[in-house]
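Structures for review follow.
The same chain A turns up in both complexes below, where it pairs with chain B and then with chain C.
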Partner chain A sequence: MLQNSLLPGVRLFASEVSVLFRRWRTWAMLAALAAVPVLIGLAVRFSPKGPPTGRGPAFLDQITHNGLFVGVVGLVVCTPLFLPLTVGVVAGDTIAGEASLGTLRYLLVAPAGRLRLLVIKYLASAVFCVSAALAVVLGGVLTGLALFPVGRATLLSGDTIGPGEAFGRLLLMGGFATVSLLGLAAIGLFASTMTTVPVGAMAATVVLAVVSQVLDALDQLDWLHPWLLSDHWLDLADLLRQPISWSSFGANALLQAAYVAFFGALAYGRFSTKDILA
Partner chain B sequence: MTEALAVRTIGLTKRFGRQTAVDRLELAVPQGAVFGFLGPNGSGKTTTIRMLLGLVAPTEGQAVVLGEEMPERLGNVLPRVGALVEGPAFYPFLSGEANLRRFDTADLKSPAATQGARVARALERVGLSHAAHKKVHAYSLGMKQRLGLAAALLVPRELLVLDEPTNGLDPQGTREVRSLIRSLADDGTTVFVSSHLLAEVEQICTHAAVLRAGQLVAQGPLDELRGAAQHRIEVRTPDLGVAADVLRKFGLKPEPAGSGSIVAEADGAPPAEDIVAALVRAGARVRGFSAGAASLEERFVELTGEGFDVAE
Partner chain C sequence: MKRIWTRWLPAAAAPAAVAVAVLAGGASAVTPPSPSTPEQVLALVAGHTAQRFSGTIEEKADLGLPSIPSQALGPATSSSSLGSAATVLELLTTPHTARVYADGPSKLRVQVMDQLAERDAVRNGSDAWTYDSKTNTATHASLPSGTSSGSTSPSVPAVTPDQLAQRFLTAAGPSTNVTLGPTTTVADHSAYTLVLTPKTSGTLVASVQIAVESQTGLPLSVDVYAKGQSDPAFHTAFQKLDLHAPDASVFAFTPPAGATVKQEQLPAPKAGSEATPKPKATASKATEPAKNWDSVVVVPADKVPAGFTGSALVKQLASPVAGGRLLSSSLLNILITNDGRVIAGSVPAATLMAAAK
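Here is the complex of A and B:
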């Protein structure tokens, strides 16, 4: 019985993911994300100024010692804007995009079920969050392998680890970046239920991500910081300690889960009773 | 409750802010009927259809579709209903076939195992097999309309709700859609078709309802609707004076109707053959004679008062 009601939902989820990845827009965004570490690697490798000296993005000076750090720098650079931007586009498009195409009414008449559609749309956005972080990691790893030596990596704590473990740490950081985006994806989903103009929902989502970081940078508002969506975004470097410090990962996961629950509930409240006129 | 009705609405009302789009609608669509849902643009047809399909919640009243209440029983009702609502809509970057697969997958009760075969059959039924693998953005409006019909036919349906199904189709396509609707009705499917093209409704429908500014102004079997319109007699003859005298003798009130013809209301008139015989005996050169109901179009204008203008 459970399988009977679950299986069609799984098929619809597969259909949703396949529609997402059959749009050239999705691939263009992933390619742009992967290009960020490539550009960083090329700039460091072929710069006439010589190896970087501790200025610029965090860990930039590590790249010449260990190519895997291209991926680390890529994640650090993409976390504040590029990753939220692409997630804002995908999550903001979820419901509003279907509404503007007119396909929303046909999905609901099929009937896909409003709650089920909302959950599936969110899960597909989460799949994109994973893909986006992976695109940066992969772009970084391939660039690092091609342009720099890959050997033992020196961690923040001064310990060194082998290349295999370093790659594992990089994947973990990708996981951290993914988790950081899940709350934003829920905000995007909610924004998407509010309008039939996808660009509006996308813009609102990205603006919120930026505002959160601006507030997070103001010391006068430090009482507010633990509640801000982006509060832990740049803590992904904590995964480069020995032993691994999981506390920021946990705190971030909890915060993102709270955002998902809150905005997920708002999205459901809005979407379950909404008159579909588009 | 009322098994014989495929769709029934009771006091169905929808208000958007202060504007009443649908006002205490009492529809009764018999099972197996081809039901024409008529009204000028803006009269509330599409809002009604959206309420029947659970897309819009009624402000007041009830809609019972296939014996179950909407939108409460939506999950049970909609798999048995095929719909084309306010024009077809697709993912332009997917092929026609991929679009149908997507909508079929969204129907949680359609069997996955037979999806390929059903999609192919639906495409064949609307004559789109050759364009199955073309991306929809390359489709013409008429092809999209056909694809929309195919989506409504993916599984056998008890009720089809078609909003302006011949929009954008050429005369050939329109004829095909008409024969498609007839063949579906022959299989026992109830077809609820909204249209502002009266000639079309007249050709395929068994029943009709007319909506004006959100209110029902007429409903029933098509013959009854047409019959409620005034019968008229029209005589085409060069001898207008003679013909008028003859009609007056029958107690009718003839009026000139343009060049070479006179018309009269047929209330209380004798059988047509008696009138023609009398006209010929009187020496009028009868070049044409017609007696019968006004067309649905005349009746429609009579009811809505607006013809095709937008109702406010």
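Here is the complex of A and C:
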């Protein structure tokens, strides 16, 4: 019985993911994300002088000692804009894209299919969040291995760790970035149920991500900061302390879970009461 | 289509669930320790047994100074001309979170966790290290054996509740009324509250509240209240506290390869905190009472470090008054006289101007 009700869902999910990764747009975005650490690595490697200490993106001066830091710099650079941008495009397209193509009503012919479709669309966006963070990490690691020595990595606390542990920490940071994007993906899903114009939903999602960061930078609004989507985004560097400070990882996961629950419920309310005309 | 509104119920339930979770998290059970007299609590602090602990402290100040975004101060703190004044400003205007590890009197590590950066102070036996991840510089000093780890390096702007409470309590003499406030809970530990009230009316300090762990006597939080302000002007408290010995590896510090290492010479034992440049010393004065609550510190012009009075940040924040420029906050006033002296104290500006004559 359970299998009978789950199986079509699993099949639909698999087809959603394969549609997502068959689009050239998905691959273009992943390639652009992977290109960020590659460009950083090339710029540092072939600049006449070494990177100046204490200027430019955080951790830039660490790259020449340990190539894996190309991935760290890439994540720090991509977190405020590039990652939210690509997630906004994918999540904003979920429902509105089908509606604008006129394929939404065919997806909904199955009875009681709306909630399931919503969940599956969200899970597919979550898969993209993982791939986006991994694209930055892998682009960084491959560039680092090709251009720089991989020695002991210096953590923020001044302690050093070996390359194996450094790679583990980098993967954890990728995980942190993924979790940070899950709330935004839920916002994108909700925006996508509001309109039949995918570009509108994408723009709304990305604008919200930027607004959240602008508000986060204003000290006068510090009462609001714990509730902002982006409040913990740059805390991914807490994974580079010795010992690892897990509290921000937990706080971020809770915050994102609350955003997923709230905007997921809003999306359900909107999508299940909407007249599907296209 | 009659029951269509039920589809929106989850959307209403989600924020309600969040609100319930937030309220439930805030209301933790308070186990009141048995009643006690102020003298007993003072004795408890004086002989406190918590030499080994690890925890997270939160520190914030509300001195009525303009709030400056930390991003704006970031470049200034690492520049050499503005550095010291900007560090003080950063300490006084932006909140900090720090992790503290202590194991006995000679092992201490404080990690100030900035965004994408960290400042460390490590004391391990006779070695004292500081490390700043932004500039990738480390300093090393050899301390004479027997020095207690009372103060961390001035470049690390963190004061543990323990250190601050000890300063207040050693200074609290006959000029202070000590009473007992209601018991509280700090970082899931039940605590007595000591309230120090200055007897004199000539100071800006209204009261100082110190929460003392009821089992071990470890000070858990310090709140300094200024007159005419309901929020504490300075607040430092444990958010998390674990009364077990931290892992020994925490105190083992070797500067990373590629870091600039400076060797610092300490002029004389016990002079560590006095050897710091004046702007940093003023920062600690903001929280440290001198002999009396209303005493005034006068620094002669030739003892004021070059660049402090002329720095752009000080110029911008200080307002011109008769006889000099005044840096005014709710807890501390600093007068920079026209002849270059620096006069400071937790007293009204008029007292400083009288002292300048």
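For this structure, a couple of remarks:
Throughout what follows, the second predicted complex is superposed on the first by the 275 of 278 C-alpha atoms of A that agree within 3 Å, B and C clash if a C-alpha of one lies under 4 Å from a C-alpha of the other, contacts with A are read in each partner's own complex, and residues count from 1 in each chain.
By definition in this document, contacts are C-beta pairs under 8 Å (C-beta built on N, C-alpha and C of every residue); 3 or more make two chains touch, one makes a residue touch a chain.
Remember, it's a predicted structure, so these values are computed and weren't measured experimentally.
Bringing the complexes onto one copy of chain A puts chain B beside chain C with no clash. In the superposition on chain A, A:T154 makes contact with chain C only, while chain B stays out of contact range.
Legend: residue contacts after superposition of the two complexes on their common chain; A:S47 is shown touching neither chain B nor chain C. Legend: residue contacts after superposition of the two complexes on their common chain; A:T273 is shown touching both chain B and chain C.
In the superposed pair of complexes, A:R105 makes contact with chain B only, with no contact to chain C.
Between chain B and chain C, it is C that contacts the larger number of residues in chain A. Once both structures are overlaid on their shared chain A, chain B and chain C have a minimum Cα-Cα separation of 7 Å. Common to the chain B and chain C interfaces on chain A are residues 273. Residues of chain C that touch chain A in their complex: 4, 7-15, 17-18, 56, 67-71, 78, 94-95, 99, 111, 113, 115-118, 120, 129, 131, 133-136, 138, 240, 247, 250, 253-259. Partner chain C is touched in their complex by these residues of chain A: 53-54, 58-59, 61, 65, 76, 151-152, 154, 156-160, 217-220, 222, 234-235, 237-238, 241, 243, 245, 247, 258, 261-262, 264-266, 268-269, 272-273. Only residues 50, 53-57, 74-75, 78-79, 81, 83, 85-94, 98, 101-109, 112, 151 of chain B touch chain A when the two sit together in their complex. Only residues 5, 8-9, 11-12, 15, 19, 22-24, 101-103, 105-113, 116-117, 273, 275-277 of chain A touch chain B when the two sit together in their complex.
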